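Multiple structures are listed underneath, in structure tokens.
Next come two complexes, and both contain subunit A; in the first it sits with subunit B, in the second with subunit C.
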Partner chain A sequence: MKKLLVLVLALMMALGSTAFAAVELEFNYWSSEQEDGINAVIDAFNASQDEIHVTATIVPWDQFWEKLSVGLPAGSAPDVFTINALNVVDYAKNGYLLDISDLFESGAVDLSKFPQSAIDTHTIDGKLWAVPKDYDNIAVFYNKSMFDAAGIEYPTNDWTWDEFIEIAKQLTDADNNVYGVALAPKGQQLVYDYIAGNGGQLFDEEGNCVVNSPENVEALTKIAEAFLSGDVTPSVEALVEIDANTRFQSGMVAMTFDGSWYTAEYVECWGDDLGIVALPVMKEHKTTSHSLGWAASATTEHPEEVKTFLTYLGSQEAGELLSTVVIPAYEGTDTMWSDNYTAYGADVFTLAAAEDWTVPLPAASHNAAEVFDTFDNYMSEICSSGEVESNLAALQDEINALIAE
Partner chain B sequence: MIAPVVIGVLIFFMIPTFWSIYLSFTDGPDYVTYELVGLQNYIDMLSPDSEVWRELLNTCYYAFVQVALSLVVSVLLANALNANIRCRGLFRVIYFLPSVTMAAAVGMVWRQLLNSQYGIVNQFLGLFGIKGPVWLTDPNFMMLGVIIVGVWSSAGYNMIILLAGLKNISKSYYEAAEIDGAGSFQKFKSVTVPLLSPVLFFVTITSVMNGFKMFDLIYTLAGSGATVDKFMQYYRTMVYGIYEKGFLYHRLGAASAESVFLLVIILILTLIQFKLQDKWVHYE
Partner chain C sequence: MSEIKLTQRKERARFPVGRVILYALLIFWAVFMIMPFVWMFLTSLKTRPESMRIPIQWIPAEAQWQNYAEVLNKYDFGRYYFNTIVVTVITILYQIITCSMAAYVFARLEFPAKNFIFMACMTVLMVPTQMIIIPRFLIVMKLGWLNTFAGIIIPNLPSIYGAFFLRQNFMSIPRELDEAAMIDGCGYFGIYWKILLPLVKNGLIAFGVLSTLWCWNEMLWPLIVTSRADMYVLSIAVSSMQGQQGNNLPLQMTAGVLAMFPMLIVFLIGQKNLLDGIALSGIKA
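== the complex of A and B ==
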């Protein structure tokens, strides 16, 4: 009996020691709705070899950046984490991110397989600081039953802004608080798309804010008109009380401009009544594309193992595993995601990437998070007052001051 | 014996306080790299076009109105629930419940209640033929909405403390007053209030401090939509401003300077209240 016990103990120790021999890596992310897909990737990586063991932890959005902002400079950050366009800039410039350019130079991660806008998002000062993880962009979600009830044909990808406004007006019944569309007065879901779609820019090549241009005045005047006409979209004030997302889900609006990340939620809500179509065209098809990346801490104790892990994350297999929960950046795996939702028209998101309609989410070269919020502050002002030029001039000055700080 | 308390106070109160005073003289791109910049943060903060004045105004508006209302309501409640009425215990529990409810939940629920079209607050006002305001976006009513919620959630807690105070007032005072022919208002004014004044004083001081530290209700009531300046300028209290600067935009120096400013304000207010207590607080 004792012998058996000793044997079992010895076996356990043997097993234990091999487990301990593996290098432990810590990975943090915030997108809890992607848990299943990300766990599948981590499990597959852990199972594929026995030198490295990765532990994934979800850190809620609010604490995520707090934790990184303290952890990165102090050297206590997780080895690998997801990163977005607004934070990659300052982290890269301050030298907090691990230099992984050799992964791309050696071809361990094949950059030709990733969309350019995803690569651009994480390229700072000519260097790529993260392995592209996924991408998203904006389209119009619409409620087919409300179109049917009004006897209006479903929109197609080549519809124009003016046609869109006309349709929205026909669907509006302001007395009963029903509107054709709920437009959110925000950069990503509306304004960035039409700044690009009307031939304008937010930042020039040197990174200076050039938002106050004739093209942008024109685009924003059209947007502000939609808000002020009273029979297209709920007002800025009304949208604070009940936001666009809630309105669309409760059938108070027939259309909403939203990101691909809401697809699963809206499909669950409306089922076969859900339709998705490209943003109406002002001058040309453009849609803001944001992309998350897999980045690593410069102070990680295991840079080689981290690079092995990142190489796996940049592989086709990882993209395939992620495709259940998000549009993966890896070529060909993005359509695996949209295949789940083709019936609703979600292939418009991958089409936008394939047709090069996408522009990267504009991120300032300094104080990016504050610039992003400042932009949205002014959009609420413009869309409720209709004063475009004076506000754009003030916005441009304010953003340039924040960048120069 | 007192070592655990002293260590706790040191680690969680004293050291952070002095550390943030130090940080208020620094500036840097993130939480760990920073350099001393002297009084620059204070000069920026106290300049005439600084946002801090608007925040101070909002904070004072909230703190003074909310504290005054909450005191009146809680004294009345405490009195009512000190009387011999049926289901007294049940009512005490009901009025105390908001105090043990998470601010996040309170904010979410009140956002619905205050909705201008579907909320029950305006439907209730409608019963009396009053057209209720748009609580969440009308600049004149936004802070008032927060105050209503603040009173609702703090009155129960103050009530419990005041109830304990009421229990300590000997019945013989009331009997004596009755013999002298005092009515119920006279009894309240001349017996209850003076004998309750030490407790009232405590409740006032803690309420004013809590009022000046207002953050959670603003954070939850503003929700996701109202965080743009167009609306936030009417909501933004000093602590909310500190949170924005420090945790959203990583301006730890500016945030620390503002929190030192807030500390000084609360300190001065508390000192004034201690000076004033000779005038109205009656210790037996």
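== the complex of A and C ==
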């Protein structure tokens, strides 16, 4: 009996000591649709060594920032978490993020392997605060069966804005509530793309908002015309009721401008009837590219282990494992993602990155999330009223006030 | 209950039309309330494209029962059920005991500053939880209770609402009963335990059911104090399936059905007492 007890105790201690030897790191993210890929990365990292064990937890998007903003100042935040363009600015400036510049200086994470727009997104005050995780950009998803029924040829990557409007009008049957396209009056999925695509800017070099420029007035006038013509896209009010995504999946519109993140969902919905093509060109090819990063908490108790983990996350292997669920940022692994969807034309997303059509999602230097929302509110106003200049002037003042706050 | 039946009988005799309208309204209201649940259950059996269709496709072409297998395989629902049940059971037991004691004290005993203390408690009821969430979080963190049952449960234990709710129940019982019991040699605790508690049984069950529902559905606080999936309760697990862009509605609704099911049973069991208890207390949840 005693022997048995000793044996059990010895066994427990042996198990205990190996379990306690590993440093425990907490990792939080919100992209539940990427769960399978992210778990694969975490599992591979945990299996690759026995000094560090990472536990990944999904925190719902609606509460993610609320929770992080409570946890970071208090010091109870996860060691590593995903971050986006709108939050990295204020988190970096408030000193909540771990300084990981030595990873890039030492070459542990090879920055030449990542797209410039992804690096720019997470660079604040000349310092990179996150290891680029993925990128996305915007393209046109279209329903081939509706093009076939109307006898219209599928669009190609070099189509112009005017051709696009023409095609959309031919596909519209407003009496039956069918439209050529559902344009969402939003920055990322529409307006930012054409601000850049028409040679304009949202912020100048110093970070001041310069949205009220002749180029932008021109671009937004064209966009507002599409909304007000009544035979291109459902009105702003109608889109509040049923959004572009639902309309496209219900076959109520033939095209929609949307992000690469919807590819899997739209493929599941339309199968071989799905086509993807570059955004129609106003002056030049441009598409807004957003990128998530892997960032770490400044108050982590294990900065060295965190850096080891981040180094792995910046590796080609991590990119390959992620490529099942999202476009990884690491060079060459992005096309592993698009190879899954080449039949539908999803290679346009990686083509856009390769051809440098991408511009980083414009993020304000302060209050970025509020600025983002304010911008979208004004776009709804412009696209439903058609009054471009007065609204752009007001928007510019309001954004500059938010930045100066 | 008997009073209601009496008036209904009178109405039937005098106003059959009024009764028809009444029933029509009630049926409309019942359908209105039940529709979301029907939609939730039907959506849990749809494919993802079917769930997005406008006009709504109510009946899936083929019931996708594998949604349930997928959710149960992918997520550790056993663990979420266990966590939620631990949190709920401890909270309910504690609240029923302490709230009924406080209710008895406030309803029956006389002592200095009683009304002041009661009003002070009621004032706390008016403070929105969101306001005290950060101080509460800091306390729990300093105690080292993050990611523990203590952290999830203890700050939510006191229920002023419960004390108020049960006080109304106690006050509906004639004081003569207390006096009779006291003459027979019963102490305060005896009166509370042997005489009054059995009489407010309906109120206790009603409060228990309501409180179970709140506890089961509580999301913000458990989310704030947990950062590991193995300490998640059902409400967080369900909402963590919601993406930033695009939702897999069938899987979310499947998880919703799984999370809701036990509460449906609790409600069905406690239904009669729940209605009586709420009618007695004169307040609504």
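In this section, the second predicted complex is superposed on the first by the 396 of 405 C-alpha atoms of A that agree within 3 Å, B and C clash if a C-alpha of one lies under 4 Å from a C-alpha of the other, contacts with A are read in each partner's own complex, and residues count from 1 in each chain.
Rule of thumb we're sticking to: a contact is a pair of C-beta atoms (placed from the backbone, for glycine too) under 8 Å apart; a residue touches a chain by one contact, two chains touch by 3 or more.
Keep in mind the model is a prediction, meaning the values are calculated, not measured.
J.: Is A:Thr221 touching anything from subunit B or subunit C once the two structures are fitted on A? First, second, both or neither.
T.: neither
J.: Is A:Asn94 touching the first partner subunit B, the second partner subunit C, both, or neither of them?
T.: In the superposition, A:Asn94 contacts subunit B only.
J.: Is A:Thr156 contacted by the first partner subunit B, the second partner subunit C, both or neither?
T.: The answer is neither, since A:Thr156 touches no partner chain.
J.: Regarding the shared-chain residue A:Ser229, is it in contact with subunit B (first), subunit C (second), both, or neither?
T.: After superposition on chain A, A:Ser229 lies in contact with neither partner.
J.: Tell me which partner A:Ser390 touches in the superposition: subunit B (first), subunit C (second), both or neither.
T.: Neither subunit B nor subunit C is touched by A:Ser390.
J.: Return first, second, both or neither, reflecting whether A:Leu239 touches subunit B, subunit C, both chains, or no partner chain.
T.: first
J.: Output check: A:Gln49 vs subunit B and subunit C. Expected answer is one of first, second, both, neither. What do you get?
T.: In the superposition, A:Gln49 contacts neither subunit B nor subunit C.
J.: Touching A:Val70 in the superposition: subunit B (first), subunit C (second), both, neither?
T.: Touch status of A:Val70: both partners.
J.: Taking the superposition on A as described, I'd like to know which of subunit B and subunit C A:Arg247 touches: first, second, both or neither.
T.: In the superposed model, A:Arg247 contacts subunit C only, not subunit B.
J.: What part of subunit A is shared between its subunit B contacts and its subunit C contacts?
T.: 62, 70, 74, 242
J.: For the complex, which residues does subunit C have touching subunit A?
T.: 48-49, 52-54, 74, 134, 137-138, 141, 146, 220, 223-224, 227-229, 232, 236, 239-246, 248
J.: Over in the complex, which subunit A residues touch subunit B? Could you list them?
T.: 62, 66, 69-70, 72-74, 90, 94, 177, 185, 236-243, 367, 369-370, 373, 376-377, 379-381, 384
J.: Given the complex with subunit A, which residues does subunit B contribute to the contact?
T.: Going by the criterion above, the answer is residues 29-33, 115-117, 134, 136-137, 223-231, 247-250.
J.: In the complex of these two chains, what residues of subunit A are touching subunit C?
T.: Within the complex, subunit A touches subunit C at residues 26, 28, 30-33, 35, 55, 57-63, 67, 70-71, 74-76, 78, 242, 245-247, 249-250, 252, 259, 261-262, 265, 268-270.
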